[in-house]
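In the two complexes below, chain A is the common chain; its partner is chain B in one and chain C in the other.
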Partner chain A sequence: MKVFINNKEYKARENETIIELADRNGIKIPRFCYHKHLSVVASCRMCLVEIENIEHAQPACSTPVQENMKIFTHSNKTKNAQKNTMEFLLINHPLDCPICDQGGECELQDVSIQHGESHSNYLEFKRVVIDKDVGPLISTEMTRCIHCSRCVRFGEEVSNNKELGLVNRGEHMEIRTFIEEGISSELSGNMIDLCPVGALNNKPYRYRARTWDLQQHGAISPHDCIGSNIYYHTYNNEIVRAVPKENHDINQTWLSDRDRFGYEGIYSEDRATKPMIRNNKKLVECEKEILLNKTNEIIKSTINDFGLDQIGCLISAQSTSEELFLFQHLFKSMNIQNIDHRTNECDFNYQENYPLMPSLGCNINDLDKFDNILLVGVNIKTEFPILTIRFNEASKNNTKIFSIHFDSLDEDFELAGKIALNNSDLSKFFDKKKPAINTNNKTLIIIGPNINYLVNQSQILDSITKYSKSINAQQGYLTDFCNSTSAWLFGNIPHRNFGGQPTNKPGLNVSDMIKSGLSTYVFFNLEPEHDFWNASAVTEALNKSKYNIFFTSYVTPLIERYADVIIPISTFAETDGSFINIEGTYQAYNKIVNPNKNIFEGWSILNNLIKMNNLGDYNISSIRSFLLKSLQNIDFNYSKNKKFKNINSKSITNNYIYKNTLRHIYASDQIVRRSKSLNLTEQSHNKFIYISSDLGQILNNKDTLEIRENNKNYKVKNFLIKKELPINTIVYTSSFNNTLNESKSGHITIKS
Partner chain B sequence: MNQKYVINDEIINQIDRVKRKFPEMESKSSIIESLLIIQHHNQGFVTKEIIQALAKYLGIKEIDVFEVATFYTMINIKPVGRNVIAVCNNISCMLRGSDNILNYIEKKLNIKVGESTPDKKFYLKDEIECLAACNGGPMMQVNHKNYENLTLNKVDKILEGIK
Partner chain C sequence: MNIKLCTETFNLNNPASMETYISLGGYEAWKKIVERKSSKLEIINKIKESGLRGKGGAGFLTGLKWSFIPQQAKQKYLVCNSDESEPGTCKDRDILRYNPHAIIEGMLIASYAIGASVAYNYLRGEFLDEQWKVFNNALEEAYKNNFIGKNILSTNISIEIYSLIGAGAYIVGEETAMLESIEGKRGMPRIKPPFPAIKGLFGKPTIINNTETLASIPKIMLNNEGWYKDIGIGNSEGIKIFSMSGHINKPNNYEIPLGTPFSNLLKLSGGVLNGNKLKAVIPGGSSVPVIKGEDMMMTTMDYPSIAKAGSMLGSGGVIIMDETTCMVSVLHRISRFYYSESCGQCTPCREGTGWLHKILSNILNGKGTLNNLDQLNKIANQIEGHCICALGDAAAMPVRSFLKHFWHEFEYYVEKKESMVS
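Moving on to the complex of A and B:
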C-alpha cells in the first residue's frame, strides 16, 4: 500500500496505523498514551497529525493508513494541534522538574520543548493529588500524572495483575490502587518505565543521581535462566538502578522486579572484601600471593596425602560461563572428578540419561505456538515472573496451560487445569494418558526446578519422559540458576567432561561428596546455609573436613566458622561474564562496575591457579573464542538430545509424609536474598510453612510439629493449614526456617 | 470495621440475572448493575467490603469494581442522606444561573455540594452533568424527579415539601 508522509512515498502494511508506519521509518510523532505493546486508547491526543482531505487533525496512533493517504507530521495544522494538546496537558502538571527524578528522561519534558509553547494562558490554580505509598519499589508523585493510562493497561493486558486503576472522573480523576492496597505484582517495575512522566518512579533510586550523570552498561540479568537483557546505570562506580534492554526474543521491553532490584544485594554488608587464611584457628587477612599459594598447597597436599578422590569441588550455576569453564578446567586437568553444581538436588539416578544440557524445549518466542503446555513443578508467577507475560500471550492465543505441582499455586495467566499431588502421586500421574491432552496437538511439557529437589526426581523425570514420548510432546526444563546450561555443558558434573564427553571414571555427585566426608572441599559462589539440599549435612561435612576453600562474594557465619581460605570474588556485575540462557542463547557482557581493590574477578583468580599449575593461561577473549568455537561443533538440536531410559529409582510409597520446599521468589539466589528493597516487599513477608488438612487433624490443635527426619528430631512452630495441599504434605518457603534444613524435600514422620 | 460482607442469596439471584445478559467471559459488564442492586439493599451506598465481595463473586479485580464505583455518580462509596438533590451544572443551566441555585441550597442546608446533612435527610450530589431538560434550565432532580425553571422561592417550596 502506498502512503505519503510529508510528501515522501512509503510502503505501508495492511491494517497498520499511521504511528506504526512512522515508527518503522524513523519519522517522529510525539505520543504519550501509545505504546507498542499496549492496546490503543487514543486518549492523550498528542499524536495528532494532519491528513489531506480530513478537516481535523487525527490521532496517528489509532488511525489506520489507507491507500494514497497523505499525512503531514510537520505542517502548521499538525503543529498547531500538538501545541494546543500540550497546553492542556500542562494545565495541571507541576513545573517541579528540578526536583523530579524523571527530569532529563521525561517524555513530557522532551515533547513540550519540541512541540509546546513557552508560555501558558492558564492562570487558575493547578490541582494537587495526594500521594500514596504503594510499596517499597515504586515512589509516586501523582500530581505529575497526565492520565495516559499506560500503567493501568500494563496491569490489564501484560502482567494480567491489575492493581492500578483510573479512579473518580473529570477533574478528580486519579491513578491509584484499591483502598489502601499496595502494588505487589512481580512485574510492577515496568510501570516505572512506562510512565512517561515522573508520577511513578523508582523508589530505591529516588534522589540518588541525575539521569545525565549516569553511565549505561548493557548486561544479562543473573537471577533466572531466561537471561533478560538489562541496562545497569552506574554513578561513581556504583549501580544505582536497572532498566530493561529491549530484546524481542527474550524479555521484549520488560523486566521482572527481581531482575530490576536484585543488584542491591551486591552492596550487602557481608560482602567478602579481603583475602583471608586461617592461621592458628583464626582467620587473618593476607596478600594475594600468600592466598594463592595456600590454596594451591591445600589442593596439592590433599591430592598427595589423601588421593584425588578426597577433594570435592562445588560451584554455583549462577557463576559466569567463563568461571564455570575455568573451574572445571582447573580441577579436571588435575584429574579430579568430584565436581558438581547440582547442590540443591539429592537424587542423581537420572544423570546418565539427562540431555547434554537443560533446555526449554523451544524458543521463548514460540511458547504460544503450542496447543498445550504442561507445567510440572514450577510456579511461573514467583519463579520466572518475566515468563508470565509470555504465558499470558500464549493463553490469549488459545494455548491451554496446565499446572501439576505438589502445591496449589496461583498464576497470573489463565490455567486450563491445576492439580496438586504429593510426591508419590506425582510420579504415578504420568503413567496414564490424559484425556484433556490430545495426542495430535502440539504439546510442551516444562519441568521446573522444584522437581529437581525431590527425593524421587529420577522416577518423575522418567515417567514424564515416557509420557511425553507416548504423546509426541516436546520436553523442556526451567532451571534454578541462570547458568545451569553452562554448568552441564562445560562439565561441572561428575560424570561428563566438557561438551558432554563421557568420562571413564565418574566422580561423586554432590550428595555423596557431602555424605562421605571428604578431606577437602572447594566451594565456588555457594552459601552453605542456603544453597544445599541438606544444610545440616553440609555443616557436618565442613566441620569434619581438613580443609575448606571458599571462593565467595559473601562471608556467611558458616564460612567464617569453617573456611581455611576465603578468596573474595566478584559478583556477576564486577566482572566480564556470559550466560547461556535456557533457550541456548549465549549472551556475553562487559564488567559493569570495578570491584573493590581486594576483590578478585572470579575467572582471573581461577586463571592464576591454572597458570601456577602450568595448565594454560587464559583471558576473557581467549576463553570466549574457545567456547564459541567448541560450541559450534556441539549438536544442540533438542530432539536429538538423549532421552531417559529405564531409570531404577527407589520407588516411594504413600505412607510417608512429604516435606517440600518452595523456592521463594526473593530467596532464589545469594544476591537476591540480600536485596534490601526486595526484602521489604509483600512477597518477602509472605513466607510460610503449610501443612495439609489431614495432618492438621492428626495434630488436633497442637501448635508444635514434632518432626523426625534423617534420624533426627526437631520441632516446628508457626505453621498454617492449607486446604488445597495434597494429603500427607508439608510445604514451606525456602530460607525461611533453619529448623527445616535437614532437606529440601524429604520423607518425615511426625509425632501426633 | 473489617468485617467481611456476605452477599445474600436474594442479591446473588439478582446479580446472576444481570450476568446472564452478557457473554460468559465478560464479567466486567455486570459491574454497574450489580453495584446498583447491592447499593439499593445497603442504604444507598457501597463499602470497601462490598466491593471486595462483588469482585470476588464476579471473578475480577477489586480495582475494576472500584473504578466503576468511583466513576459513576449514581454509585456512592460513602453513606449519604435519604433524599438526593441533583442540581444540573451543565452549560445550558449554568447560563441560566444554576450556580446561584446551588449556592443557595448549600447555604440553606449548610453543607457543601457532595455532602449530606447531619440528620441524613438530604444529600447534595456533586458533578451533575446535563440531565436532558435544557429547555427548562436551571433545573434539578430531587429523588429522580425533575423540577424546572427554578427560582430561589421554588427551591424553598420543593425542599420544604420533602419529609
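Moving on to the complex of A and C:
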C-alpha cells in the first residue's frame, strides 16, 4: 500500500498504524503513551499529525494507514497540535529537571526542547501529588507523572501483576498502588524504563550520577540461565545501574529485578581483596608469586604424597565459560578426575543418561508454539522471572501450562493445572497417574533445578524421560546457574571430559568427594555455607582435609577459618567473559569495570597455573576461538544416540517425611545474596518453613519441630502450616540452610 | 397533534405497571414479532425508514446504526444507556419510573433485530432509590409473563435482560466507557475505531442506544410504516422529549413533535419565570453551545434549525436563562462540571478542563485579566477535536459560545470585578 509522509512515498503494510510506518522508516514522531510492546491507548496526544483532508490532527499511534494517505509530520498544523499537547503536559509538571535523575534521558525534556515554548502561559497553582513509598527498588516523584499509563499497562499486559493503577478522575487522576503496599513484582524495574519522565526512578541509583557522565557496557546477566542482555552503566569505574539491552530472542526489552539490581553484590564488604596464605595457622597477605607457588606446591604434593584421587576440584557453574574451560583443563591435564560443579545435588545415579548439556528443549521465542508445557519442580515467578513474560505470551496464545511440584506456588501467568506431590509421588506420577493432557499435542516438559536437588532426583528424571519418550514430548531443563551448560559441556564433571568425551576412569561426584574426606579441596567461586547440598558435611570435610584452596571473590567465615590459600578473583563484572544460555546461545562480553589491583581475573590466574605446569598458554581470544570451534564439532545428539542406562535408585517409600528446599529468588547466587537493595525487598523478608497439614496434626500445636536427620537431631521453631503442601512434606526457603546442620533435601523423622 | 410515545403513561394511575402498559397496546409489537418470527432485516428497515434518531445526544440514525452489526456474529449484545447525567437532561429518569415497560419492550425488539441474546440496562448511580427499583420490578413482571427469558412465549427465542447501576461518573454515559464499566473496569472511553457495532462489550458486536430511543421502538413497530416519520418534519422525523429547566414557570419534560417552534415549547412550559426577558438558551444539555434568546425565538425544535442557530439538539435538555442570569457564573459552573467529570486519560481534556476552570474561578474572584479571555478561547481550541471522546469538545464548546455571544459581559466582569447583571 502506498502512503505519503511529508510528500515522500512509502510502502506501508496492511493494518499498520502511522507510527509503526514512521518508526520503520526512521521518521521521528514524538510519543509518550505509545510503546511497541504495550497496547495502544492513544491518550497522551503527543503524536498528533496532520492528515490531508482531516480537519484535526490525528494520533499517529492509533490511526491506521490507508491507501494514498498523505501525512505531514512537520507541517504547521502538526507542530501546533504537538506544541499544544506539550503545553498541557507542562502546566502541572514541576519542571524540576535540575534535580531529577531522569534529566538527560527524559522523553518529556527531549520533546519539550523541540516543541515547547520557553515561557509559560500557566500562572495558576500546579497540582501536587503526595509521594508513595513503593519499596526499595523504585523511587517515586508522582508530581512528575504525565499519566501516560505505560506502567499500568505493563502490569496488566506484560508482567500480569497488577500493582499500579489509576485512581481518581480528571486532573486528580493518580497513578498508585491500589492498596497501601509496595510494588513486589519480580519485574518491577521495567516500569522505571517505561516511565518517560522522572516519576518512577531507579531508587538505588538516586542522585548517584548524571546520565551524561555515564559509560555504557553491554554484557550478559549472570543471575540465571536465560542470559538476558544487559547494559551496565558505570561512573568512575563503578557500576551505578543496569538497564536492558534489547534482544528480541531473549529478554526483548525487559529485565528482571534480579538482573537489574543483582550487581550491587559486587560491592559487598566481604570481597576478597588480597592474596592470602596460611602461615602458622594464621592467614597472612602475600605476593602473587608466592600465592601461585604455594598453590602449585599444594597440588603437586597432594598428587605425589597421597595420589591423584586425593584432590577434589569444585567449581561454580556461575563461572564464565573461559574459567570453566581452563579449570577443567588445568586439572584434567594432570589426570585429576575428581571434578564437579553440581554442588547442590546429592543423587547422581542418572548422570550417565544426562544429556551432553542441559537445554531448554526449544528456543525461548518458540515457547508459545507448544500446546502443553509441563513445568516440573520449577517456579518461574521466583526462579526465572524474566520468563514470566514469555509464559504469559504462551498462555495468551493458548498454550496450556501445568505445574507439577513438591510445593504449591503462585505464578503470574495462567496455569491450566497445578499439582503438588511429595518426592515419592512425584517419581511415580509419570509412571502411573500421568498428566491429564492430550498426548497427541505438541508437549514440552521443563525440569527445574529444584528437582536436581532432591534425594531421589534420578528416579524422577528417569520416569520423566521414559514418559516424555512415550508421548514424543520435548524434554528440557532450566538450571540453577547461568552457565551450567558450559560446566557440563566443557567437562566439569567426573564422568565425562571436554565435549562429552568418555573417560576410562570416572572420578568422584561432589557428594562422594565431600563424604570420603579427601586430602585437598580446590573451590572455585563457591561459598561453603550456601552452595552445597549439605553445608555441615562440607564443613567437616574442610576441617579434616590437609589443604583447602579457595579461588574466591568473597571471604566467608568458613573460608577464613579453613582456607590455606585465598586467591581473590574477579566477579563476572571485572573480567571478559562468556556464558552459554539455556537455549544454547554463546554470548560473550568485555570487562565492565577493572578489578582492584590485588584481585585477579579468574581466567588469567588459572592460566598462570597452566603455564607454570607447561600445559599451555591462553588468552581470552584464543580460548574463545577454541571454544567456538569445538562447539561446531560437538555432537548434540549425544544422549539420543546413547544407550539408556537403567537406574537403580534407592527405594523410596511413603513412610518418609521429606524435607525439601526452595531456591529463594534473591539468594540464588553469591552476588545476588549480597545485593543490598534486593535484600530489602518484600521477597527477601518472606523466608519461611512450611509443614504439611498432616504433620501439623501430629505436632498437636507444639511450636517446636524436633527433627532427626542423618543421625543428627536438631530443632526448628517458627514454622507455618501450609494446607496446599502434599502429605509428609516440609519445605524450606534456601536461606535457612545457614544453620549448617541441614541438607537441601532429605528424609527425616520428627519426634511427635 | 397530540401524539405521545415515551411519555404516554406518565399521567395515568400506576404508570409503571404492566396492566397500564398493556392497556395502551404494550407488548403487542413484541408479541407479533415473536409469533411471526419476523425477519430481522425487516425490523431494521422499518426503523431505518421511520427516520428515528438516537436521543442520547448525537442524533445518529438508529436503524442505520443497527444495520452495522455483523449479523453472522454469534454473540452480540444490546446496551441501553440510562446513565443520563448531562446537566439539564432529566427525561430518561422519568421514562424509567413511569414507563419502564416501553424500555423493556424496546430492548427486546432491538435485541431481536440485531440478534443479541443478552441485553443490559445501565442506570446512573443516583437512580438507586427509585428508578432502579421501578425498573427492576417491571423486569420481574416481564419475566413472569414470559416476555423475556428462556423460550419467550413458548417459542425458541430466548433473550435475557440484566440491569446494572453505575457509581456516579458522568463519563460512563459515553458509550465505550459504559462498555468498560460493564466489563468491570474503570470507566474510560475507548479509542474508535473499532466501533462497538464491530467490537463492543467483551469484544463482541454491540449496539448502545439511549433509553428514550429504545422506549420509542415499540410504537414505531406497532404502527404502520410512515406513521412516525409523519409526526415531525423532513430530516428531523418524529417526536422528542425536551426537559425544560431554568427560569421557566413549569419546568418539566415535554414530548413534542420535532419541528415545533421554540416559542410554542416555551408557551407550553408556562413562559419565562416572572415574565422576565429571555436572555439565552442552551438547547441540548450543557455540552452544546449557548444561543442568544432572540435567536432562539426564531428556531424550531429540530436538528437543522438548531444547527443553523449555531448549536445542537443534543439530549434535549433545554436550559432557559432570563435577563438576571450572570453568564460568567454560568460558564464557571459548567466548566466545573467538566473539570470534575473528565476521566483524565487524554492530556488536553485532563489538563485543559482544569485550566479553564481555574481561569474562570480567577475571573469570578475578581482576579481575571482581559488576556485571560483570549486564553480561554485558545485553550478551548486546543482541546477541541484532539481528544478520545466528545467530553473534551463538550467542555470546549460552551466556552467558545459564551465568549462569542457574551464577550461584553466577561469584559465587564474582568474590568469592574463584578457581574454586569447584579
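Here, the second predicted complex is superposed on the first by the 732 of 752 C-alpha atoms of A that agree within 3 Å, B and C clash if a C-alpha of one lies under 4 Å from a C-alpha of the other, contacts with A are read in each partner's own complex, and residues count from 1 in each chain.
Note that in this section a contact is a pair of C-beta atoms (placed from the backbone, for glycine too) under 8 Å apart; a residue touches a chain by one contact, two chains touch by 3 or more.
These numbers were taken from a predicted model, which means no experiment stands behind them.
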Query = Looking at the overlay on chain A, is there a clash between chain B and chain C, or do the two fit?
reply = clash
Request  = Check the residue A:T177 against both partner chains and state whether it touches chain B (first), chain C (second), both, or neither.
outcome  = first
Key: chain B versus chain C as contact partner of A:A42, first or second or both or neither   = second
Request  = Based on the superposed arrangement, let me know which partner A:F88 touches: chain B (first), chain C (second), both, or neither?
outcome  = second
Ask   = Is A:L108 touching the first partner chain B, the second partner chain C, both, or neither of them?
value = neither
Query = Counting only touches as set out at the top, which of chain B and chain C does A:R169 meet: first, second, both, neither?
reply = both
Superposed model, chain A: greater residue contact from chain B or chain C = C
Request  = Report which listed segment of chain C has C-alpha atoms clashing with chain B; options: 19-27, 37-45, 307-315 or 325-333.
outcome  = 325-333
Request  = State which residues of chain A lie in both footprints, the one left by chain B and the one left by chain C.
outcome  = 165-166, 168-170, 172
Residues on chain A engaged by chain B in the complex (per definition of touch) = 162-170, 172, 177-179, 181
Request  = Note which residues of chain A are touching chain C in the complex, please.
outcome  = 40-46, 48, 55-57, 59, 62, 81, 84-85, 87-89, 91-92, 121-122, 124-125, 127, 146-147, 149, 165-166, 168-173
Remark   = Note: in the complex, chain C contacts chain A through residues 169, 171, 186, 191, 339-355, 358-359, 362, 375, 382, 384-388
Remark   = Note: in the complex, chain B contacts chain A through residues 48, 51, 61-64, 66-67, 70-71, 127
